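The same subunit A turns up in both complexes below, where it pairs with subunit B and then with subunit C.
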Partner chain A sequence: MIASGFFKKGSKLFLPLLSVAVCLSIWEVLHLIIGGDFLPSPYQVFKEGLRMFSVKIGGNTVWVHIYYSLRRVVIAYLLGAVTGLPLGMYMGWNRTFDKVVKPVFEVLRPIPPIAWIPIAILWLGIGEGPKIFICYVGAFVIFVLNAYTGMRYTDPLLIAAARTYGASRRQQLFNVAIPASLPSVFAGVQNALSMSWMCVLAAELVGAREGVGYLIIQGMDMYKPPMIMVGMIIIGIIGASLAVTLRWFERLVCPWRRDLT
Partner chain B sequence: MENVCKQALIPRTPTPYVLQLKASAADNTISLISFIAFLMAWEIICRLGIIGPYQLVPPSQLVSTFIMKLTEANPDGGTLFEHTETSLLLALTGFSAAVIIGVPLGLLMGWYKPLDLMVTPVFDAIRPIPPIAWIPLAIIWLGIGLPAKAFIIWLAAFVPCVINSYTGIKLTNPVLTRVAEIYGASRWETFYKVGVPSAIPMVFTGLKLSLNASWTTLVAAELLAASQGLGYLIQMGRRLSRPDIIIVGMLTIGLTGALMSWGLNRIEARFASSKRVKL
Partner chain C sequence: MTTKEEYARGKKVKVGVTDLTKCYDELLVLDDINFEIYDGEMLCIVGPTGCGKTTFLNTLARFIPATRGDILVDGTPSDPRRHNIAFVFQEVSSIPWLSVEDNIRFGLRIKRLPADEIERRVETMLELVGLKPFRRNFPQELSSSMEQRVVIARNFALNPDLLLMDEPYGQLDIKLRYYLEDELIRIWNELKSTVLFVTHNIEEAVYLGQRILVLSNKPAKIKEEIIVDLPRPRKFDDPEFVKIREHVTESIRWW
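Let's turn to the complex of A and B:
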C-alpha cells in the first residue's frame, strides 16, 4: 500500500524515467543479441559522436556541415517568406488576381517539394542552387497557402465595419485584413520552417558534398550505423532548436499571439 | 428577438470574405484564359529555344510523352501504371499500418495518464528527427526492398496520427465524460462511447496530414532506393536528361496525391461529419 502511494506520487517523474531506461536497455540487449556495428549500442553511438566532432568528414568538420545546411534553409526560408506571403495575401484579397493565379498554383501545389529534386538538378546543376530551390518550394507553398487562408477567412464584419467608417480599400487591407490574417500566417511560419528543414535533408541525401544530409548518407556508404545515428541526433537537435528559436522570436515580435490561439 | 440579434452579429464560423460572392461565369473564364495563356507562354518559350530541350519541354510534347508512357516501358523500365501501382501500394501499406497502430496509441495516451507519461518521452525524442533522415539507417537494416520503404512511410505517417488522436481525446468536453460517469459508465465505456467519438474530427485531420506525409516521404525514399515507382521514374528521367519524363512523373505524383486526399475527404464527409461534437 505504501509502495503504491509512493508510486502514485512519484509517477510523474518515475514513469518517464522508467520508460527511457527500459528503451535504452532494450536497445542495449538487442545490440548484444545482434551484435557488431549493425545495431550499435548507445555507448558506441556516444563514442562515435565524440570522434565525429574531432575529425573532418568529407573535408569539413561537423560544424561546417551544420553551417552549410542551416545557410541553405535560412536563405530559402527568407526568400519563401518574402515572395510567398505577399502573393498569398494578395490572392486572398483581390478576386481577379486570385482567379488568374489559382489554376497554375493548384496544379503545382499537390506536387511534394521533394519531387522537384530531379528537375531542380537538371535546371540548376549540383551546386547550392537546387538545394536552396527545393527548400524554397517547400516553404513558399506553405507561406502562400496560410497567407491566403488567413486573408480569405477574415471576418467580413470587420471589413464591412471599416467600410462603414469610410476606410479606403487600401486602409481596409492594411489596417484590417492583414492584421486579422496574422494568426493563420504565423501558423504557417512554423510549418514552413520544419518543411524547409526536411527538404534540405532530402536534397542533401540525393546529392551533396556537404551538409548534415551528407553526413548520414556518408555513414550509409561507409556502412557505419553509429555515424548515421549521430547524424540523425544532430538533425533532430537542430530541427528542434530551430522550432524553439522561432517560437521565441514569434513571442518577441507579436506578443498578442497567445491570445489568438 | 435578442437571440436573433446575437446570432446575426456573432457568426459561429467566420465565412470566407470572398466566397460569399458567388463565383460567376466570368470568373471561371478568367481562370481558363490565364491557364491557357500560361501554357501558351510555356510552349512559345520552349519552341523559340530560350530554354534548351534538356531543361524544359513544351506542354504539347508532355502530352505525347504521357500517352507514350501509358503503354511503353522504355526508357525507364515500366509503364506509368506500373510505377503508380508500386508507389500507391507502398504508400497505402505504410499509411494503413501507421493508422492501425498510431490512432489507438494516441487515443489511449490521451486517456490513460500512466501510458502518456511512459510513451511521451520516447516519442518526443524521436519526433524532431524527420522521417527522411531514417532512410540511410532503414536501407542498412532492411535493404532496399519494400520493408525499408514501408518502414519509413510508416514512421512519417505515424507521428501525425498519434499527435492528433492524442489532442483530439484530450479536448473531449469534460462535462460529457462526467455525465457518462454519473450514469455509471465505467472508465473504459466512457472512453469508447464518449471520448473516441468526440475525438473523431481531430483524428481525421491527423489522417489527412499523415497521408500527405506518407506520400512525400514515399517520393524521397524512391528517389534514393528503388527499381520501380514514381520517385524512381523521375530519378531516371534526370539520369537520362529527359525533362518530359520528369515533368510527367511530377504531375502524376501530384495528381495521385490529390486524388488520395480527395478520397479521404469524401470518407470524412460520409462518416465523421454527422458525429461531430461541438466543443
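Let's turn to the complex of A and C:
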C-alpha cells in the first residue's frame, strides 16, 4: 500500500532511480559471472572514479582533460555553425547554387569524419589542428544538411503570402524562409554537437596527450578496465548535459514550438 | 432588377481588367477576360471546378505573368510593390512563428509602414475580428477557423486596393462558414475595401456578392454578370435569393 502510494507520487523520481538500480544490479551480476579484471564491478569503477578525480593523469587533472576535449568541440562546433549554416541555407534558397554545390557535397557527405584522421594528421600535424578538424567535419555536414532541409521545406504558401505584400527576395528570405527553417536548424544544432563530441573522442584516441579520449587510452595502455569505464561514463554524462542545455536553448529561441516538444 | 448601367452609376472603377489571356504553351486557360471592379465593391466569382479559377487569381495577383492583356489598378498597371494587393488563400496561411498580433503586423512591416500606424491598425483589426484576448497566442494554439480569421485580419489591415479571396471558407463546416461570412460582410462594411471573392459555392456567392461573375468551363471566359440587389442581411430562404441562386446554378452548367 505504502509502496504503491509512493510509486504514484514519486514516480517522476522513482522510475529513473529504479532503472539505474536495475542496470547496476545487472552489471554487478555480470561482473560476478564473468569475473575479476574483465568487467569491473560498479563499486570498483566508482572507487576508480574517486581516485582519478583526486590525482593527476598524464600531468593534468580530469577536469583539465574535460576542458581540453570541450575546447576542441566548441571551437570546431562554432566554426561548423558559422560556415555550415549559411552554406546550407544558401543551398536551400538558391537553386543554381544548389545545383553547383550539391554533387560535391553528396560525395563528401558519406565519408565518416574518422576517415579524415589520416589526411588531417598529414595536413595539420599532430597538435590541436587535426582534432579540431575532425570535429569540424562532423559538425559541418550536419549543419549544412539541416539548414538545407529547413530552407527547402519552407511552406511555399508563406512565401506566396509574403510575395502578395510585395516582399523583396531579401524580405522573403529574412522574414519567411529563415524563421521557417529554424526548427530544422535546431535539430541540426543538437545533432551537430553530439556528433562533434563523438568525433573529438575518436580524434583523441589517436595521438593525444590530453582530453577525455586520452584517459581511455591511458586506461587501455595500463590495462585498467575501471579507468576505461570511468572515461566512458564521463563521456556519456557530458554528452547528455550538452544535449539538455541545447534543448533548453531551443525552447528559448523557438517558443512557438513549445507545444510540440 | 438593377441594370448594369444603373449599378455602375456613381461608382469609380478601381481595377480594370482588359483582354486578360493566359496560355500554357498550347493550352488556353483564360480567354480574353474583360471586367471592372468598382471601388469598395464585393465581387464574387463562381465557376465550375477546374475552370481556371486558380490561374485567374494567380494572374491577377501577378504571381504568374499574363500572356496578354492588362490589369490596371487606379489606371496604372498593377504592381505588388506599388499597389496593395492582398490574398487570402484557400489553405490557412498564418505564420506559425508569429503571435496573432505579429501575424497582423507581418504585411504592414513588409510594406514598411510607420510604427505608430502599424500599431493603430493592429488594434483596429484585433477589435474587428474579436481576437484581442488571443493576441499573444501562436496560431496553432487556435482553432482553424480562428486561424483563418487571423489571416483575414492580416490582409484587411493593409487597407488593400484589392483583396483577393480564394475560397477562404471552403474547408470549414457550415455553421462556422455562416458566421465568418457575416463577419466578412461586417469588416467589409466597416473598412470599405474592394474584395474579389472566388468560390465554387453558389449560395455563398449570392449571400456575399453585390455582383457575381460566372466563369465558363476551360478556357475560362466571363459567361454572365449578375447583379445581386438584395438588402442585407440576406436570407437563404427568401424567394428572391432562391431565384438568383437558381439562375446562377443554371448559368454555371456547361453540359
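The rule is simple: the second predicted complex is superposed on the first by the 227 of 261 C-alpha atoms of A that agree within 3 Å, B and C clash if a C-alpha of one lies under 4 Å from a C-alpha of the other, contacts with A are read in each partner's own complex, and residues count from 1 in each chain.
Operating definition for what follows: a residue touches a chain if its C-beta (ideal position, glycine included) is under 8 Å from a C-beta of that chain, and two chains touch if they have at least 3 such contacts.
Bear in mind that the values here come from a model prediction, so they are computed numbers and not experimental data.
*Asks:* A:182 in the overlay: touching subunit B, subunit C, both, or neither? Say first, second, both or neither.
*Replies:* second
*Asks:* Can A:118 be said to touch subunit B (first), subunit C (second), both, or neither?
*Replies:* So A:118 only meets subunit B here.
*Asks:* In the overlaid three-chain picture, which partner chain does A:127 touch, first (subunit B) or second (subunit C), both, or neither?
*Replies:* neither
*Asks:* Identify the partner contact of A:166: answer first if only subunit B is touched, second if only subunit C is, both if each is, neither if none is.
*Replies:* Touch partner of A:166: subunit C, not subunit B.
*Asks:* Examine A:157 and indicate which partner it touches, taking first as subunit B and second as subunit C; both and neither are also allowed.
*Replies:* A:157 sits against subunit B and subunit C alike.
*Asks:* Scan A:58 for contacts with subunit B and subunit C and give back first, second, both or neither.
*Replies:* Touch partners of A:58: none, neither subunit B nor subunit C.
*Asks:* Between subunit B (first) and subunit C (second), which, if any, makes contact with A:35: first, second, both or neither?
*Replies:* Once the two structures are laid over each other on A, A:35 reaches no partner at all.
*Asks:* When both complexes are superposed, which of subunit B and subunit C contacts more residues belonging to subunit A?
*Replies:* The partner making contact with more of subunit A's residues is B.
*Asks:* Touch test for A:86: subunit B only (first), subunit C only (second), both, or neither?
*Replies:* neither
*Asks:* With the touch criterion stated at the top, can you tell me which subunit A residues are shared between the subunit B interface and the subunit C interface?
*Replies:* 157
*Asks:* Flag every residue of subunit B that touches subunit A in the complex, lowest number first.
*Replies:* It comes out as residues 9, 11, 14-21, 27-28, 30-32, 34-35, 38, 54-56, 114, 117-122, 125-126, 128-130, 132-137, 139-141, 215-216, 219-220, 223-224, 230-231, 234-235, 237-238, 241, 243, 246-247, 249-251, 253-255, 257-258, 261.
*Asks:* Could you please specify the touching residues of subunit C with respect to subunit A in the complex?
*Replies:* The contact residues of subunit C facing subunit A are 61, 63, 79-82, 85-87, 89, 91, 93, 95-98, 106-107, 109-111, 138, 140-141, 158.
*Asks:* How about subunit A: which of its residues touch subunit C in the complex?
*Replies:* Residues in contact with subunit C: 157-158, 160-167, 171, 175-176, 179-180, 182, 254-256, 259.
*Asks:* Subunit B touches which residues of subunit A in the complex?
*Replies:* Subunit A residues touching subunit B: 11-12, 15-16, 18-20, 23, 38-39, 92, 95-96, 98-104, 107-119, 121-123, 151-157, 159, 177, 194, 197-198, 201-202, 205-206, 213, 216-217, 219-220, 223, 225, 228-229, 231-233, 235-237, 239-240, 243.
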